[in-house]
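Presented sequentially are two complexes of chain A, the first with chain B as partner and the second with chain C.
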Partner chain A sequence: MDLATSMLVAASGMRAQSSRMRTIAENIANANSTAPTAQSDPYRRKIPTMTSSFDRELNATVVEAGRPVQDSSDFRSQYDPGNPVADAKGYVKLPNVNSLVEIMDMREAQQSYEANVNVLDASKTMLVRTIDLLNK
Partner chain B sequence: MDLTGIPLLDVLRQRMSWLSARQSLLSQNVANADTPGFASRDLKPLDFEKLLNGSGVAAPGLAVTDPRHITASTAQPTGFAEQAGGDASTDITGNSVSVEEEMMKVADTQAQYQAATNIYAKAISMMRTAIDRSGP
Partner chain C sequence: MTVVPSAAAAAYQAIAKIGAESAASGAATGAASGAAAGPASDFSQFLSQSMNNAVQTMKTGEKMAAGGAAGQTDVVSVVNAVNAAELSLDTVVAVRDKVIAAYQNIMQMPI
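Coming up: the complex of A and B.
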(Lines of atoms letter the chains of each structure in order from A and count residues from 1; the text may use other names and numbers.)
(Lines give C-alpha, C1' and ligand atoms only; values in the text may rest on other atoms or scores of the structure.)
Protein backbone atom coordinates (compact mmCIF):
# COMPACT_ATOMS: atom_id res chain seq x y z
CA MET A 1 0.00 0.00 0.00
CA ASP A 2 2.23 2.76 -1.32
CA LEU A 3 0.02 5.73 -0.47
CA ALA A 4 -0.37 4.67 3.15
CA THR A 5 3.41 4.17 3.28
CA SER A 6 4.02 7.64 1.93
CA MET A 7 1.71 9.09 4.59
CA LEU A 8 3.64 7.27 7.31
CA VAL A 9 6.97 8.48 5.90
CA ALA A 10 5.69 12.07 5.85
CA ALA A 11 4.58 11.60 9.46
CA SER A 12 8.08 10.45 10.39
CA GLY A 13 9.42 13.64 8.81
CA MET A 14 6.99 15.73 10.83
CA ARG A 15 7.98 13.93 14.01
CA ALA A 16 11.68 14.55 13.34
CA GLN A 17 11.09 18.23 12.61
CA SER A 18 9.07 18.73 15.79
CA SER A 19 11.79 17.09 17.83
CA ARG A 20 14.27 19.46 16.16
CA MET A 21 11.96 22.33 17.08
CA ARG A 22 12.04 21.20 20.70
CA THR A 23 15.84 21.38 20.79
CA ILE A 24 15.75 24.85 19.21
CA ALA A 25 13.16 25.96 21.78
CA GLU A 26 15.46 24.77 24.58
CA ASN A 27 18.29 26.81 23.10
CA ILE A 28 16.23 29.96 22.73
CA ALA A 29 14.67 29.62 26.19
CA ASN A 30 18.12 29.25 27.75
CA ALA A 31 19.79 31.98 25.70
CA ASN A 32 20.49 34.04 28.81
CA SER A 33 20.76 31.38 31.51
CA THR A 34 23.85 31.91 33.65
CA ALA A 35 25.59 29.21 35.64
CA PRO A 36 24.50 28.71 39.29
CA THR A 37 28.04 29.53 40.54
CA ALA A 38 30.98 31.49 39.15
CA GLN A 39 33.05 28.31 38.68
CA SER A 40 30.54 26.17 36.79
CA ASP A 41 29.55 26.48 33.12
CA PRO A 42 26.29 27.97 31.90
CA TYR A 43 23.87 26.25 29.49
CA ARG A 44 25.63 24.77 26.47
CA ARG A 45 23.91 25.02 23.08
CA LYS A 46 22.52 21.78 21.65
CA ILE A 47 22.62 21.01 17.93
CA PRO A 48 19.68 18.94 16.65
CA THR A 49 20.66 16.00 14.40
CA MET A 50 18.76 13.91 11.87
CA THR A 51 19.50 10.45 10.58
CA SER A 52 17.71 8.45 7.94
CA SER A 53 17.06 4.79 8.57
CA PHE A 54 15.52 2.06 6.49
CA ASP A 55 12.26 0.77 7.92
CA ARG A 56 11.91 -2.87 6.92
CA GLU A 57 8.26 -3.00 7.85
CA LEU A 58 7.38 -0.04 5.62
CA ASN A 59 10.07 -0.86 3.02
CA ALA A 60 10.94 2.82 2.96
CA THR A 61 13.60 5.22 4.20
CA VAL A 62 12.19 7.12 7.16
CA VAL A 63 13.86 9.90 9.10
CA GLU A 64 14.56 9.98 12.80
CA ALA A 65 15.78 12.72 15.07
CA GLY A 66 19.12 11.68 16.53
CA ARG A 67 20.47 12.66 19.97
CA PRO A 68 21.25 16.36 20.07
CA VAL A 69 25.01 16.98 20.22
CA GLN A 70 26.62 19.68 22.34
CA ASP A 71 28.06 22.73 20.66
CA SER A 72 31.64 22.98 21.90
CA SER A 73 32.21 26.59 20.87
CA ASP A 74 33.25 29.21 23.47
CA PHE A 75 30.78 30.81 25.85
CA ARG A 76 29.91 34.45 25.52
CA SER A 77 31.13 36.67 28.34
CA GLN A 78 29.65 39.91 29.47
CA TYR A 79 31.04 42.54 31.83
CA ASP A 80 28.61 42.67 34.74
CA PRO A 81 30.47 43.06 38.07
CA GLY A 82 27.29 43.41 40.09
CA ASN A 83 26.13 39.92 39.11
CA PRO A 84 26.53 37.37 41.93
CA VAL A 85 28.04 34.79 39.55
CA ALA A 86 30.60 37.19 38.02
CA ASP A 87 34.25 36.06 38.19
CA ALA A 88 37.09 38.00 39.86
CA LYS A 89 37.42 40.37 36.88
CA GLY A 90 33.68 41.05 36.82
CA TYR A 91 32.78 38.95 33.76
CA VAL A 92 29.74 36.67 33.59
CA LYS A 93 29.77 33.60 31.35
CA LEU A 94 26.68 33.34 29.16
CA PRO A 95 25.53 30.41 26.96
CA ASN A 96 26.98 30.04 23.45
CA VAL A 97 23.52 30.54 21.94
CA ASN A 98 23.16 32.99 19.05
CA SER A 99 19.46 33.80 18.78
CA LEU A 100 19.83 34.81 15.13
CA VAL A 101 21.15 31.35 14.25
CA GLU A 102 18.40 29.71 16.28
CA ILE A 103 15.67 31.74 14.58
CA MET A 104 17.00 30.80 11.13
CA ASP A 105 17.13 27.17 12.18
CA MET A 106 13.58 27.44 13.44
CA ARG A 107 12.37 28.84 10.12
CA GLU A 108 14.04 25.96 8.30
CA ALA A 109 12.38 23.42 10.58
CA GLN A 110 9.06 25.14 10.04
CA GLN A 111 9.46 25.03 6.26
CA SER A 112 10.41 21.36 6.24
CA TYR A 113 7.44 20.59 8.47
CA GLU A 114 5.12 22.36 6.04
CA ALA A 115 6.61 20.44 3.12
CA ASN A 116 5.83 17.19 4.93
CA VAL A 117 2.29 18.35 5.67
CA ASN A 118 1.81 19.09 1.95
CA VAL A 119 3.01 15.61 0.98
CA LEU A 120 0.69 14.09 3.57
CA ASP A 121 -2.19 16.11 2.18
CA ALA A 122 -1.41 15.14 -1.44
CA SER A 123 -1.17 11.44 -0.54
CA LYS A 124 -4.42 11.62 1.38
CA THR A 125 -6.19 13.25 -1.56
CA MET A 126 -4.94 10.51 -3.87
CA LEU A 127 -6.12 7.82 -1.46
CA VAL A 128 -9.53 9.46 -1.13
CA ARG A 129 -9.86 9.67 -4.93
CA THR A 130 -9.21 5.95 -5.20
CA ILE A 131 -11.86 5.22 -2.61
CA ASP A 132 -14.21 7.58 -4.44
CA LEU A 133 -14.08 5.23 -7.45
CA LEU A 134 -16.43 3.03 -5.44
CA ASN A 135 -19.06 5.74 -5.62
CA LYS A 136 -19.03 6.04 -9.37
CA MET B 1 -12.88 -12.61 -16.91
CA ASP B 2 -11.65 -10.25 -14.27
CA LEU B 3 -11.35 -6.52 -14.51
CA THR B 4 -7.57 -6.60 -14.95
CA GLY B 5 -8.12 -8.49 -18.21
CA ILE B 6 -9.58 -5.36 -19.79
CA PRO B 7 -6.63 -3.57 -21.43
CA LEU B 8 -7.74 0.00 -20.73
CA LEU B 9 -8.43 -0.66 -17.07
CA ASP B 10 -5.22 -2.64 -16.73
CA VAL B 11 -3.13 0.18 -18.17
CA LEU B 12 -4.83 2.62 -15.81
CA ARG B 13 -4.29 0.30 -12.87
CA GLN B 14 -0.58 0.10 -13.65
CA ARG B 15 -0.41 3.84 -14.11
CA MET B 16 -2.01 4.35 -10.72
CA SER B 17 0.28 1.92 -8.95
CA TRP B 18 3.28 3.59 -10.63
CA LEU B 19 2.06 6.99 -9.43
CA SER B 20 1.52 5.82 -5.87
CA ALA B 21 4.96 4.16 -5.83
CA ARG B 22 6.40 7.44 -7.01
CA GLN B 23 4.49 9.35 -4.35
CA SER B 24 6.00 7.04 -1.75
CA LEU B 25 9.53 7.77 -3.02
CA LEU B 26 8.87 11.52 -3.10
CA SER B 27 7.61 11.47 0.47
CA GLN B 28 10.83 9.74 1.51
CA ASN B 29 12.79 12.50 -0.22
CA VAL B 30 10.86 15.27 1.54
CA ALA B 31 11.05 13.57 4.94
CA ASN B 32 14.83 13.30 4.53
CA ALA B 33 15.25 16.83 3.17
CA ASP B 34 17.44 17.74 6.17
CA THR B 35 19.33 14.45 6.58
CA PRO B 36 23.03 14.80 5.80
CA GLY B 37 24.24 12.70 2.89
CA PHE B 38 20.79 11.69 1.64
CA ALA B 39 20.49 11.46 -2.15
CA SER B 40 17.11 12.14 -3.73
CA ARG B 41 15.50 9.35 -5.74
CA ASP B 42 12.78 9.09 -8.35
CA LEU B 43 11.13 6.43 -10.50
CA LYS B 44 12.00 5.86 -14.14
CA PRO B 45 9.11 7.04 -16.34
CA LEU B 46 6.66 4.34 -17.41
CA ASP B 47 7.28 3.04 -20.92
CA PHE B 48 3.94 3.68 -22.58
CA GLU B 49 4.67 1.54 -25.63
CA LYS B 50 5.65 -1.43 -23.50
CA LEU B 51 2.51 -0.93 -21.48
CA LEU B 52 0.37 -0.99 -24.63
CA ASN B 53 2.04 -4.09 -26.02
CA GLY B 54 1.35 -5.80 -22.75
CA SER B 55 4.96 -6.65 -22.03
CA GLY B 56 4.87 -4.29 -19.08
CA VAL B 57 2.33 -6.61 -17.53
CA ALA B 58 4.33 -9.14 -15.58
CA ALA B 59 1.43 -10.92 -13.98
CA PRO B 60 0.89 -14.44 -15.21
CA GLY B 61 -2.31 -15.81 -13.71
CA LEU B 62 -2.89 -19.40 -12.68
CA ALA B 63 -3.04 -21.86 -15.56
CA VAL B 64 -6.52 -23.07 -16.45
CA THR B 65 -7.24 -26.49 -17.84
CA ASP B 66 -10.87 -25.81 -18.62
CA PRO B 67 -12.36 -22.70 -20.24
CA ARG B 68 -14.96 -22.56 -17.48
CA HIS B 69 -12.31 -22.14 -14.82
CA ILE B 70 -11.87 -18.73 -13.31
CA THR B 71 -8.27 -17.55 -13.56
CA ALA B 72 -6.95 -16.49 -10.20
CA SER B 73 -5.17 -13.28 -10.87
CA THR B 74 -1.81 -12.92 -9.20
CA ALA B 75 -1.57 -9.35 -10.37
CA GLN B 76 0.92 -7.75 -8.03
CA PRO B 77 2.16 -4.24 -8.56
CA THR B 78 5.32 -4.84 -10.54
CA GLY B 79 8.57 -3.43 -9.24
CA PHE B 80 9.30 -0.11 -10.89
CA ALA B 81 12.85 0.88 -11.75
CA GLU B 82 14.42 3.67 -9.72
CA GLN B 83 16.75 6.41 -10.83
CA ALA B 84 18.52 9.36 -9.21
CA GLY B 85 16.22 12.25 -8.35
CA GLY B 86 18.01 14.75 -10.58
CA ASP B 87 17.44 17.68 -8.25
CA ALA B 88 19.54 20.68 -9.12
CA SER B 89 21.54 21.28 -5.97
CA THR B 90 23.64 19.40 -3.46
CA ASP B 91 24.25 21.26 -0.22
CA ILE B 92 27.32 21.25 2.00
CA THR B 93 26.18 18.20 3.97
CA GLY B 94 25.90 16.10 0.80
CA ASN B 95 22.10 16.20 0.78
CA SER B 96 20.75 16.45 -2.76
CA VAL B 97 17.05 16.99 -2.02
CA SER B 98 15.55 20.24 -3.23
CA VAL B 99 12.24 20.67 -1.42
CA GLU B 100 10.86 22.99 -4.12
CA GLU B 101 11.44 20.47 -6.89
CA GLU B 102 10.02 17.67 -4.78
CA MET B 103 6.88 19.69 -4.11
CA MET B 104 6.48 20.25 -7.84
CA LYS B 105 6.82 16.54 -8.46
CA VAL B 106 4.28 15.80 -5.72
CA ALA B 107 1.77 18.22 -7.26
CA ASP B 108 2.40 16.69 -10.69
CA THR B 109 1.93 13.15 -9.38
CA GLN B 110 -1.27 14.17 -7.65
CA ALA B 111 -2.71 15.74 -10.81
CA GLN B 112 -1.79 12.71 -12.94
CA TYR B 113 -3.36 10.42 -10.37
CA GLN B 114 -6.53 12.45 -10.49
CA ALA B 115 -6.53 12.17 -14.28
CA ALA B 116 -6.08 8.40 -14.06
CA THR B 117 -8.93 7.95 -11.56
CA ASN B 118 -11.21 10.15 -13.66
CA ILE B 119 -10.48 8.13 -16.80
CA TYR B 120 -11.05 4.94 -14.84
CA ALA B 121 -14.44 6.19 -13.65
CA LYS B 122 -15.30 7.30 -17.18
CA ALA B 123 -14.37 3.90 -18.62
CA ILE B 124 -16.54 2.14 -16.07
CA SER B 125 -19.46 4.46 -16.79
CA MET B 126 -19.08 3.87 -20.55
CA MET B 127 -19.18 0.15 -19.93
CA ARG B 128 -22.30 0.62 -17.87
CA THR B 129 -23.84 2.58 -20.72
CA ALA B 130 -23.13 -0.33 -23.00
CA ILE B 131 -24.69 -2.79 -20.55
CA ASP B 132 -27.91 -0.89 -20.02
CA ARG B 133 -29.24 2.35 -21.38
CA SER B 134 -29.76 3.97 -18.01
CA GLY B 135 -26.23 5.19 -17.48
CA PRO B 136 -25.38 7.30 -14.45
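Coming up: the complex of A and C.
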Protein backbone atom coordinates (compact mmCIF):
# COMPACT_ATOMS: atom_id res chain seq x y z
CA MET A 1 0.00 0.00 0.00
CA ASP A 2 1.44 3.31 -1.11
CA LEU A 3 0.74 5.40 1.98
CA ALA A 4 2.12 2.73 4.30
CA THR A 5 5.17 2.46 2.04
CA SER A 6 5.76 6.21 2.08
CA MET A 7 5.72 6.07 5.87
CA LEU A 8 8.45 3.44 5.83
CA VAL A 9 10.49 5.40 3.26
CA ALA A 10 10.25 8.52 5.44
CA ALA A 11 11.38 6.39 8.38
CA SER A 12 14.46 5.33 6.43
CA GLY A 13 15.25 9.01 5.88
CA MET A 14 14.89 9.68 9.59
CA ARG A 15 17.24 6.80 10.36
CA ALA A 16 19.82 8.07 7.87
CA GLN A 17 19.69 11.58 9.34
CA SER A 18 20.12 10.19 12.86
CA SER A 19 23.22 8.37 11.72
CA ARG A 20 24.49 11.56 10.10
CA MET A 21 23.83 13.39 13.35
CA ARG A 22 25.92 10.86 15.23
CA THR A 23 28.90 11.46 12.97
CA ILE A 24 28.50 15.24 13.40
CA ALA A 25 28.34 14.78 17.17
CA GLU A 26 31.60 12.81 17.06
CA ASN A 27 33.24 15.59 15.04
CA ILE A 28 32.07 18.35 17.38
CA ALA A 29 32.96 16.40 20.51
CA ASN A 30 36.47 15.75 19.21
CA ALA A 31 37.07 19.24 17.81
CA ASN A 32 39.84 19.87 20.36
CA SER A 33 41.19 16.37 20.90
CA THR A 34 44.95 16.16 20.59
CA ALA A 35 46.95 13.10 19.68
CA PRO A 36 48.13 10.89 22.56
CA THR A 37 51.79 11.37 21.53
CA ALA A 38 53.69 13.99 19.55
CA GLN A 39 54.29 11.55 16.67
CA SER A 40 50.73 10.29 16.15
CA ASP A 41 47.86 12.10 14.46
CA PRO A 42 44.91 13.63 16.28
CA TYR A 43 41.24 12.87 15.52
CA ARG A 44 40.48 13.07 11.80
CA ARG A 45 37.16 14.57 10.80
CA LYS A 46 34.55 12.11 9.50
CA ILE A 47 32.19 12.93 6.64
CA PRO A 48 28.76 11.28 6.86
CA THR A 49 27.65 9.53 3.66
CA MET A 50 24.26 8.43 2.40
CA THR A 51 23.30 6.19 -0.49
CA SER A 52 19.96 5.38 -2.04
CA SER A 53 19.06 1.72 -2.36
CA PHE A 54 16.12 -0.11 -3.80
CA ASP A 55 14.19 -2.10 -1.22
CA ARG A 56 12.64 -5.12 -2.96
CA GLU A 57 10.34 -5.88 -0.06
CA LEU A 58 8.90 -2.36 -0.04
CA ASN A 59 9.22 -1.93 -3.81
CA ALA A 60 10.52 1.59 -3.19
CA THR A 61 13.83 3.43 -3.13
CA VAL A 62 14.97 4.11 0.43
CA VAL A 63 18.00 5.93 1.79
CA GLU A 64 20.70 4.23 3.77
CA ALA A 65 23.48 5.76 5.82
CA GLY A 66 26.83 4.58 4.51
CA ARG A 67 30.11 4.27 6.37
CA PRO A 68 31.49 7.71 7.29
CA VAL A 69 34.59 8.55 5.20
CA GLN A 70 37.62 10.37 6.58
CA ASP A 71 38.34 13.96 5.66
CA SER A 72 41.88 14.02 4.28
CA SER A 73 42.44 17.78 4.66
CA ASP A 74 45.35 19.10 6.75
CA PHE A 75 45.25 19.23 10.51
CA ARG A 76 45.11 22.55 12.30
CA SER A 77 48.24 23.42 14.22
CA GLN A 78 48.53 25.67 17.23
CA TYR A 79 51.60 27.12 18.89
CA ASP A 80 51.58 25.69 22.40
CA PRO A 81 55.15 24.84 23.51
CA GLY A 82 54.09 23.89 27.02
CA ASN A 83 51.87 21.08 25.76
CA PRO A 84 53.38 17.63 26.33
CA VAL A 85 52.40 16.52 22.79
CA ALA A 86 53.90 19.59 21.06
CA ASP A 87 56.51 18.91 18.35
CA ALA A 88 60.11 20.21 18.39
CA LYS A 89 59.04 23.67 17.18
CA GLY A 90 56.31 23.91 19.82
CA TYR A 91 53.31 23.28 17.59
CA VAL A 92 50.44 21.00 18.56
CA LYS A 93 48.41 19.25 15.86
CA LEU A 94 44.65 19.67 16.30
CA PRO A 95 41.82 17.86 14.44
CA ASN A 96 40.74 19.19 11.02
CA VAL A 97 37.28 19.96 12.41
CA ASN A 98 35.76 23.37 11.72
CA SER A 99 33.02 24.00 14.26
CA LEU A 100 31.14 26.37 11.95
CA VAL A 101 30.97 23.75 9.19
CA GLU A 102 29.78 21.15 11.70
CA ILE A 103 27.09 23.47 13.06
CA MET A 104 25.78 24.12 9.54
CA ASP A 105 25.81 20.38 8.84
CA MET A 106 23.88 19.81 12.05
CA ARG A 107 21.23 22.37 11.07
CA GLU A 108 20.84 20.68 7.71
CA ALA A 109 20.47 17.26 9.32
CA GLN A 110 17.86 18.68 11.66
CA GLN A 111 15.88 20.22 8.81
CA SER A 112 15.99 17.02 6.75
CA TYR A 113 14.86 15.00 9.73
CA GLU A 114 11.94 17.34 10.28
CA ALA A 115 10.99 17.14 6.60
CA ASN A 116 10.85 13.35 6.90
CA VAL A 117 8.78 13.59 10.07
CA ASN A 118 6.34 15.81 8.18
CA VAL A 119 6.07 13.27 5.35
CA LEU A 120 5.34 10.53 7.88
CA ASP A 121 2.78 12.68 9.64
CA ALA A 122 1.02 13.65 6.40
CA SER A 123 0.89 10.03 5.18
CA LYS A 124 -0.57 8.90 8.47
CA THR A 125 -3.16 11.67 8.41
CA MET A 126 -4.19 10.65 4.88
CA LEU A 127 -4.58 7.02 5.94
CA VAL A 128 -6.53 7.88 9.08
CA ARG A 129 -8.83 10.24 7.17
CA THR A 130 -9.58 7.46 4.69
CA ILE A 131 -10.37 4.96 7.43
CA ASP A 132 -12.57 7.60 9.06
CA LEU A 133 -14.82 7.47 5.99
CA LEU A 134 -16.17 4.21 7.38
CA ASN A 135 -17.04 5.77 10.72
CA LYS A 136 -19.74 8.05 9.38
CA MET B 1 -28.27 8.91 10.52
CA THR B 2 -30.70 7.70 7.92
CA VAL B 3 -29.89 4.36 6.36
CA VAL B 4 -31.35 3.07 3.17
CA PRO B 5 -31.95 -0.69 3.64
CA SER B 6 -30.80 -1.47 0.11
CA ALA B 7 -27.51 0.34 0.80
CA ALA B 8 -27.08 -1.71 3.95
CA ALA B 9 -27.69 -4.93 2.06
CA ALA B 10 -25.24 -3.86 -0.64
CA ALA B 11 -22.57 -3.03 1.95
CA TYR B 12 -23.03 -6.38 3.65
CA GLN B 13 -22.82 -8.22 0.37
CA ALA B 14 -19.72 -6.31 -0.69
CA ILE B 15 -17.92 -7.18 2.54
CA ALA B 16 -18.98 -10.81 2.27
CA LYS B 17 -17.45 -10.84 -1.20
CA ILE B 18 -14.18 -9.30 0.05
CA GLY B 19 -14.16 -11.95 2.76
CA ALA B 20 -14.64 -14.72 0.23
CA GLU B 21 -11.86 -13.35 -1.98
CA SER B 22 -9.37 -12.94 0.85
CA ALA B 23 -10.23 -16.40 2.17
CA ALA B 24 -9.71 -17.86 -1.29
CA SER B 25 -6.35 -16.13 -1.76
CA GLY B 26 -5.34 -17.18 1.74
CA ALA B 27 -6.17 -20.79 0.93
CA ALA B 28 -4.29 -20.54 -2.36
CA THR B 29 -1.09 -19.40 -0.64
CA GLY B 30 -1.55 -21.92 2.10
CA ALA B 31 -1.78 -19.21 4.75
CA ALA B 32 -5.27 -20.12 5.89
CA SER B 33 -5.06 -22.70 8.61
CA GLY B 34 -8.69 -22.78 9.71
CA ALA B 35 -11.25 -25.37 8.76
CA ALA B 36 -12.68 -25.10 5.27
CA ALA B 37 -15.76 -22.99 5.79
CA GLY B 38 -18.80 -22.67 3.58
CA PRO B 39 -20.00 -19.42 2.10
CA ALA B 40 -22.12 -18.82 5.20
CA SER B 41 -19.08 -18.07 7.38
CA ASP B 42 -17.26 -15.89 4.84
CA PHE B 43 -17.58 -12.74 6.85
CA SER B 44 -16.66 -14.27 10.20
CA GLN B 45 -13.65 -15.87 8.53
CA PHE B 46 -12.65 -12.56 6.99
CA LEU B 47 -13.05 -10.84 10.35
CA SER B 48 -11.03 -13.40 12.28
CA GLN B 49 -8.31 -13.34 9.66
CA SER B 50 -7.95 -9.57 9.65
CA MET B 51 -8.17 -9.59 13.43
CA ASN B 52 -5.32 -12.10 13.54
CA ASN B 53 -3.27 -9.86 11.28
CA ALA B 54 -4.00 -6.84 13.46
CA VAL B 55 -3.09 -8.72 16.62
CA GLN B 56 0.14 -9.90 14.99
CA THR B 57 1.03 -6.32 14.05
CA MET B 58 0.24 -5.15 17.57
CA LYS B 59 2.42 -7.86 19.04
CA THR B 60 5.29 -6.66 16.86
CA GLY B 61 4.60 -3.11 18.03
CA GLU B 62 4.65 -4.18 21.67
CA LYS B 63 7.88 -6.11 21.21
CA MET B 64 9.43 -3.06 19.54
CA ALA B 65 8.24 -0.77 22.34
CA ALA B 66 9.74 -3.11 24.94
CA GLY B 67 13.02 -3.17 22.99
CA GLY B 68 12.93 0.63 22.78
CA ALA B 69 12.41 0.93 26.53
CA ALA B 70 15.39 -1.37 27.06
CA GLY B 71 17.44 0.80 24.67
CA GLN B 72 17.90 -1.95 22.07
CA THR B 73 15.72 -0.61 19.23
CA ASP B 74 15.85 2.89 17.81
CA VAL B 75 12.96 5.27 18.33
CA VAL B 76 12.07 5.42 14.63
CA SER B 77 11.41 1.66 14.46
CA VAL B 78 9.34 1.78 17.63
CA VAL B 79 7.20 4.64 16.33
CA ASN B 80 6.74 2.84 13.01
CA ALA B 81 5.70 -0.45 14.54
CA VAL B 82 3.27 1.18 16.96
CA ASN B 83 1.86 3.31 14.13
CA ALA B 84 1.29 0.24 11.94
CA ALA B 85 -0.43 -1.56 14.82
CA GLU B 86 -2.70 1.40 15.49
CA LEU B 87 -3.65 1.77 11.82
CA SER B 88 -4.41 -1.92 11.25
CA LEU B 89 -6.54 -2.11 14.38
CA ASP B 90 -8.39 1.06 13.35
CA THR B 91 -9.13 -0.42 9.94
CA VAL B 92 -10.43 -3.72 11.30
CA VAL B 93 -12.59 -2.01 13.91
CA ALA B 94 -14.04 0.43 11.34
CA VAL B 95 -14.90 -2.40 8.92
CA ARG B 96 -16.45 -4.48 11.71
CA ASP B 97 -18.59 -1.57 12.92
CA LYS B 98 -19.77 -0.86 9.40
CA VAL B 99 -20.72 -4.44 8.66
CA ILE B 100 -22.43 -5.01 11.99
CA ALA B 101 -24.45 -1.83 11.44
CA ALA B 102 -25.45 -3.14 8.01
CA TYR B 103 -26.39 -6.52 9.47
CA GLN B 104 -28.49 -4.92 12.18
CA ASN B 105 -30.24 -2.78 9.61
CA ILE B 106 -31.15 -5.90 7.68
CA MET B 107 -32.39 -7.67 10.80
CA GLN B 108 -34.57 -4.72 11.75
CA MET B 109 -36.25 -4.59 8.36
CA PRO B 110 -40.00 -4.92 8.71
CA ILE B 111 -41.16 -7.98 6.81
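Note that the second predicted complex is superposed on the first by the 136 of 136 C-alpha atoms of A that agree within 3 Å, B and C clash if a C-alpha of one lies under 4 Å from a C-alpha of the other, contacts with A are read in each partner's own complex, and residues count from 1 in each chain.
Going forward, a contact is a pair of C-beta atoms (placed from the backbone, for glycine too) under 8 Å apart; a residue touches a chain by one contact, two chains touch by 3 or more.
Please read all numbers here as calculations on a predicted model, not as lab measurements.
Novice: In the superposed arrangement, which partner chain does A:18 touch: chain B (first), chain C (second), both, or neither?
Specialist: second
Novice: Where does A:134 make contact in the superposed view: on chain B (first), on chain C (second), on both, or on neither?
Specialist: After superposition on chain A, A:134 lies in contact with chain C alone.
Novice: After superposing on the shared chain, does chain C or chain B touch more chain A residues?
Specialist: Result: the larger residue contact count on chain A belongs to B.
Novice: With both complexes overlaid on chain A, does A:62 touch chain B (first), chain C (second), both or neither?
Specialist: It touches chain B, and chain C stays clear.
Novice: Pick one for A:7: touches chain B only (first), chain C only (second), both, or neither.
Specialist: Touch partners of A:7: chain B and chain C.
Novice: Please work out whether A:112 is in contact with chain B alone, chain C alone, both, or neither, and reply first, second, both or neither.
Specialist: Only chain B is touched by A:112; chain C is not.
Novice: So in the superposed three-chain picture, is A:124 touching just chain B, just chain C, both, or none of them (first/second/both/neither)?
Specialist: The second partner, chain C, only.
Novice: Following superposition on chain A, which residues of chain A contact chain B and also contact chain C?
Specialist: 7, 132
Novice: Residue numbers of chain B touching chain A in their complex, please.
Specialist: The contact residues of chain B facing chain A are 16-17, 19-21, 23-24, 26-28, 30-36, 38, 77, 99, 102-103, 106-107, 109-110, 113-114, 117, 120-121, 124-125, 136.
Novice: Show me the residue ranges of chain A that touch chain B in the complex, using the header's touch definition.
Specialist: Against chain B, the touching part of chain A is residues 2-3, 5-7, 9-10, 12-13, 16-17, 20, 50-52, 60-63, 108, 111-112, 115-116, 118-120, 122-123, 125-126, 129-130, 132-133, 136.
Novice: Can you name the residues of chain C that touch chain A in the complex?
Specialist: 74, 76-77, 79-80, 83-84, 87, 90-91, 94-95, 97-98
Novice: Going by the contact rule set out above, which residues of chain A touch chain C in the complex?
Specialist: 4, 7-8, 11, 14-15, 18, 124, 127-128, 131-132, 134-135
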